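There are two complexes below, and they share chain A, which is joined by chain B in the first and by chain C in the second.
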Partner chain A sequence: MTASDRPKLAVWKFASCDGCQLTLLDCEDELLGIAERIEISHFLEASSATDPGPFDLSLVEGSVTTPQDAERIQHVRAVSKRLVTIGACATAGGVQALRNYADVAEFQAVVYARPDYIDTLATSTPISAHVAVDFELRGCPIDRGQLVEVITAYLAGRRPDVPAHSVCFECKQRGTTCVTVAHGTPCLGPVTHAGCGALCPAYGRGCYGCFGPSDSTNFPSFIPLLRRDGMDTLDIVRVLRTFNTAAPEFDDASRKELDQ
Partner chain B sequence: MTHRGSRVLHVGSLARVEGESALHLLVDGGEVTEARLAIYEPPRFFEAFLRGRSYTEPPDITSRICGICPVAYQLSACRALEDACGVTVDGQLAALRRLLYCGEWIESQTLHVHLLHAPDFLGCAGAVELARTRRADVERGLRLKQAGNAIVELLGGRAIHPVNVRLGGFHRIPSVAELRPLAEKLRRARDDAQETVRWVAGFEFPDAGCDHDLLALAEPGTYAIESGTPAVMPAPTTAGLPAGSDRALPIRTFELHTFGGHVVERQVPHSTALHSRLDGRRHLTGTLARYAISGRWLSPIALQAAQDAGLGDPRQGTVCRNPFRSIVVRAVEVLHALDEAVRIIDAYEPAPRPYVDVPARAGTGHGATEAPRGLLYHRYTLDEDGTVTDAVLVPPTAQNQGAIEEDLRRIVRDRLRAGDPGDAELTALCERAIRNHDPCISCSAHFLDLTVERGESGS
Partner chain C sequence: MADGAAVIDKGGLDTLIAVLVARGRTVVGPTVRDGAIVLAEISGGDDLPYGWGVELAAGSYRLRAREDGAAFAHSAGPQSWKTFLHPPRERQWSADRDADGELVVTEDRTPAPSYAFLGVRPCDLRAIAIQDRVLTGGLYTDPAYRGRRERAFLVAVECTEPGATCFCVSMGTGPAVGPGYDLALTEVLDADGHRFLVRAGSEQGEAVLAELPRRAADTATRTAAQERVAEAADRMGRSMPLVDLQVLMRESLTAERWDDVAARCLTCGNCTMVCPTCFCTTAEDVTDLTGDHAERWRRWESCFDRDFSHLPTGPVRDSSHSRYRQWATHKLGTWYDQFGSSGCVGCGRCIVWCPVGIDITEEAHALNREREGADRKGTP
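And then the complex of A and B:
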């Protein structure tokens, strides 16, 4: 295919660690093959060639934390036929959404001697709070296999096959013994979105929820299990308030826990 | 048309760096009067929201500062927190941490060498374009990167934000049988790494020097990665040598717990990253500094590859101060890291437990490791139940900003003296001067807009 026949891909960055877009470069076996089927038209981390668009598929990493970025995402949407968010920052606001619980002026004063030089918003918000999003890929970071699936699905004009059930299913598929049942280790697996392949339990630790809430959370039943396994209110609030702290299900559960 | 008059150049975002930054240059009559690297990466306030967290959390939380060097954050955090709690992790657990870190070095340095930096020397926009003409070189880079990722994936669970690091060691440690096939893969990757050193050594390098104090960890007997004492080699002009001199100078060291008294951060209006100075002077951390401080401890095949690549023999007091040649030193570091990883696996015996206990206590702890881009320092203060009451993180790129700005000033000045470059050429040169140091701007607090203002006096 010539360059002009191939669909155009753009990769955009907002407030983030770059890890999710790096996942594209980590597709060592697929990268050159993908580049033959798609024209990677805008990907600043990997290429200085830029293209004003429009783009067939935009992958958006990062959350909106500045007034300039709130405007920039409108532009990204306007030049993108399909817009897919990649990762916990773009999908739920990221770990930087911890500012949503605090006084940002105070936060600035901790890090910067002259906070007035810094132009930032009081909240970190997901992309979907600003523009329509066609698909949200979860994870902190996203899973390489799921990213390839999303790109392949859009090339084929179908919806990505990305299950929204909990990590527990993946533990069963992997044949990992349940760390909670066997060892009493607190684990967010029952309320966390699948996608990582149930990594943490395979390494002997409880899931810490980096893919955000699954499609069927039941916190009123789940929180007592955490408590049974030794967590107190502070522990529970801390574990819910990390990389997907602003995901509505995790946010509600942590607020309810504090209100008790 | 002459370019010596007043003009303003704008470059969009700087590509092939990790993050968003802008460049502002003031050029007046052939002289650079001001060079500013402005970082627009939106602030994320890690140091603020770490307050009130449990002392067990910073390794996972701070890894999210950077998707390219998460292991560096995890292990600097562990060292600082273990220091606060009076615990030392040694033996096979320390060796496994070094192995994990070697994996990150291999993947991150290879990413920079093959995908981000090499296109500058070969006149391409990026690796995908490069792959059209030099597919074998790009594929070799991808294989090498995969070898690094394989280490991090086996020990850490995944290449980005690995899940297996904890205070005191690991959640789970591998068996000898799990590591053995990895060693085979790494032995093959070593041949690729040697070929990459030869490949990059053949690039054309502009003459350049760097007149900065060099700061890296030192641990005599080993090429310091995951531990060591801060060591400083003064800038060449302090000894009457030219900026491009390849001669080593005597090194001084200071205790890590005095780091905050030596490396002082200050805020500048044009940046969301904090700038820092070392004992009041401009300094550089990273590949060139490590090679100057620890070069003599490279493995024999890495030392040989460095000499064959024209870097001289660090055991004879040779250093590299040409920032354009940093790509060669990075390639040598990849080779060393592979060799070191194989050595660790060959000597591996599983520790009796995957971690040592780290009971909380009140106190302040310091930790520093060599992230691929340079020295990364963490300091935490804990109360008696292990709650973090204060956190300070000093990433390498924030430290390097002053040195990068000085390189820009020097490189643009030299180019202006040699003739009258057009805007496009000057812009490309500036971008290269920045990429030489592989800045990681997400770490520093992201965007390169180049503005060159040229004064009237030369027209």
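And then the complex of A and C:
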């Protein structure tokens, strides 16, 4: 395929750690194949060459935390035919959304010698709070296989196969014994979105929800289970307030927990 | 008695495994791993869970040491045999575009493994028969399942140690072994030693039994074996209401109890995946980056998955209420209409492995009480 035939891909960074976009570079076996089929025309982690667009597919990492980014995401949307968010920051606001529960001016005064240099918003919000998003890929970080699946599905013109059910499905499919039932280990698996392949339970640890809520959660029934297995209110709020703290289901559950 | 029953000791059990391995079989049996008695490939008698039992409750499973050193005195574990006969993920075909642009489809014909399952509990033997009916009994059969099933050698072990979540007696599926085994064992531990009463249920079973160091079954061992199984029947931790469950489900579609269980259900899907008869799958189409190679895989799906009933307008069963009701009424009710039997064998796995401990027997009792209450109210 010649350069002009290939769809153009852009990778964008907002407030984030870069881990999700680096997942694209981690696709060592598939990277050449991807580059053959797609023109990676804007990806600052890989090349300083930039392209004004428009782009067929944009992968957006990070959340919106500054007035400039709130404007920039509008531009990204305008130059992208299809916009896919990658990771917990872009999809749910990231760990930096903890600021949503606090006074940002106070943080600035404590952390920075010259707070007046800082121009930031009071909240960290997901991309979908600002522009229409065509697909959201979960995870902190995203799963490499799922990223390749999203790109492959795009090339084939089909829907990506990214199930939104619980992590329990993945535990059972890989034959992991349930850590909650067999060991009393607190685990967010029953309310967490699949996609990681149930990595933590396979190593005897409870899931800590880095893919955010599944599409079918029941926190009023689930929270007492965490308590039974030794978590107190603070533990429960902490485990819900991590990378996906601003995901509506996690946010709502942690607020209710504190309100009791 | 000339029924060919024999008695083997622990050494005989070791030989059984060796004989099956020597016949080229992959022997799968219970073994301790990750704090549970799981089903996995075993290479010798040492892999069996001698001296391990389990303590079961709704939403809880704990290993506990047994003083008697029994190998099979544990209840159903986290997996069932469907993990092997009806695996979680399986490729069905692949397709490639050839040089002329033509699509060439290749059906996946990986030779079926030749399994020997050691320690199939009577409830699970019944569950295998139910999956046989579902996956090979109708107009369309699943050739991959059939291949694995036809080549499998089943060593059943009668249940002498039911768990607190077991209810096979009320489902009519145990604890004595039913038909369908190649060999059936009953474990006996008493002053006369640790031994196993063995019967063959097929020609292959007879041939294997003939290779084991054994003695003819004595009356004492036969009696002890019968007593152990009879005692087990009296120690079931749970039971279903003694009513026609098919009718109960049919008459309970609008019961208020479904709201109650829906408030507890996490819709996590664990019950369906540990269930030895749940068979639902979904198709997963995989393409590679070139678009010249595609594969179709089949993977376990669950009626608790919101996407399971997804139609262009959205999921038909959006609420946990409708999903739990669908599962329970199919398992205990409409399964009869579809496959001529109950879909439940009373193994209790769905009770144990439900993180919040939803108990299908308790739900059935509650539905029955609600129906009785409604009947009383309706009586003039």
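The working rule: the second predicted complex is superposed on the first by the 260 of 260 C-alpha atoms of A that agree within 3 Å, B and C clash if a C-alpha of one lies under 4 Å from a C-alpha of the other, contacts with A are read in each partner's own complex, and residues count from 1 in each chain.
We take it that a residue touches a chain if its C-beta (ideal position, glycine included) is under 8 Å from a C-beta of that chain, and two chains touch if they have at least 3 such contacts.
Small disclaimer: the values here were computed from a predicted structure and weren't measured.
Asks: Once both complexes are superposed via chain A, do chain B and chain C end up clashing or fitting?
Replies: Fit - chain B and chain C, as placed by superposing on chain A, sit side by side.
Asks: Report for A:Pro190: first if it touches chain B alone, second if chain C alone, otherwise both or neither.
Replies: After superposing on A, A:Pro190 lies in contact with chain C but is clear of chain B.
Asks: Which partner chains sit in contact with A:Ala46 here, chain B, chain C, both or neither? Use first/second/both/neither.
Replies: first
Asks: So, does A:Asn244 touch the first partner chain B, the second partner chain C, both, or neither?
Replies: So A:Asn244 meets neither chain B nor chain C here.
Asks: For the three-chain arrangement built by superposition, which of chain B and chain C touches the greater number of chain A residues?
Replies: B
Asks: Under the stated touch criterion, which partner chain does A:Ser80 make contact with: chain B (first), chain C (second), both, or neither?
Replies: So A:Ser80 meets neither chain B nor chain C here.
Asks: Thinking of the overlay built on chain A, is A:Thr91 touched by chain B (first), by chain C (second), by both, or by neither?
Replies: neither
Asks: Contact-wise, after the overlay, does A:Gly204 reach chain B, chain C, both or neither (first, second, both, neither)?
Replies: Both partners, chain B and chain C.
Asks: Once the structures are superposed on A, label A:Ser254 by its partner contacts, choosing first (chain B), second (chain C), both or neither.
Replies: Neither partner.
Asks: Give me, in Å and rounded to a whole number, the least C-alpha distance separating chain B from chain C in the superposition.
Replies: Least C-alpha distance after superposition: 11 Å.
Asks: Would you please give the residues of chain A that touch chain B in one complex and also touch chain C in the other complex?
Replies: Shared contact residues on chain A: 204.
Asks: Touching chain B in the complex: which residues of chain A?
Replies: 13-23, 25-26, 28-29, 31-32, 35, 40, 43-50, 65-66, 69, 94-96, 98-99, 102, 104, 106-108, 110-114, 117-118, 120, 140-141, 143, 196, 199-200, 202-205, 208, 210, 235, 238, 242-243
Asks: Taking the touch rule as given, give the residues of chain A at its contact with chain C in the complex, in rising order.
Replies: 30, 33-34, 36-37, 148, 151-153, 155-156, 158, 161, 163-166, 168-169, 172-178, 180-184, 189-191, 204, 215-218, 220-222, 225
Asks: Any idea which chain B residues touch chain A in the complex?
Replies: On the chain B side, the touching residues are 12-20, 41-49, 51, 53-54, 57, 60-61, 64-68, 70, 111, 115-116, 119, 125-129, 131, 135, 138-139, 142-143, 145-146, 149, 157-161, 163-164, 166, 171-172, 266-267, 269, 272, 274, 354, 431, 442, 446.
Asks: Show me the residue ranges of chain C that touch chain A in the complex, using the header's touch definition.
Replies: Touch list, chain C to chain A: 33-36, 38, 59-62, 78-79, 83, 88-89, 263-270, 273-274, 284-291, 299-300, 302, 304-307, 320, 352-353, 355-356.
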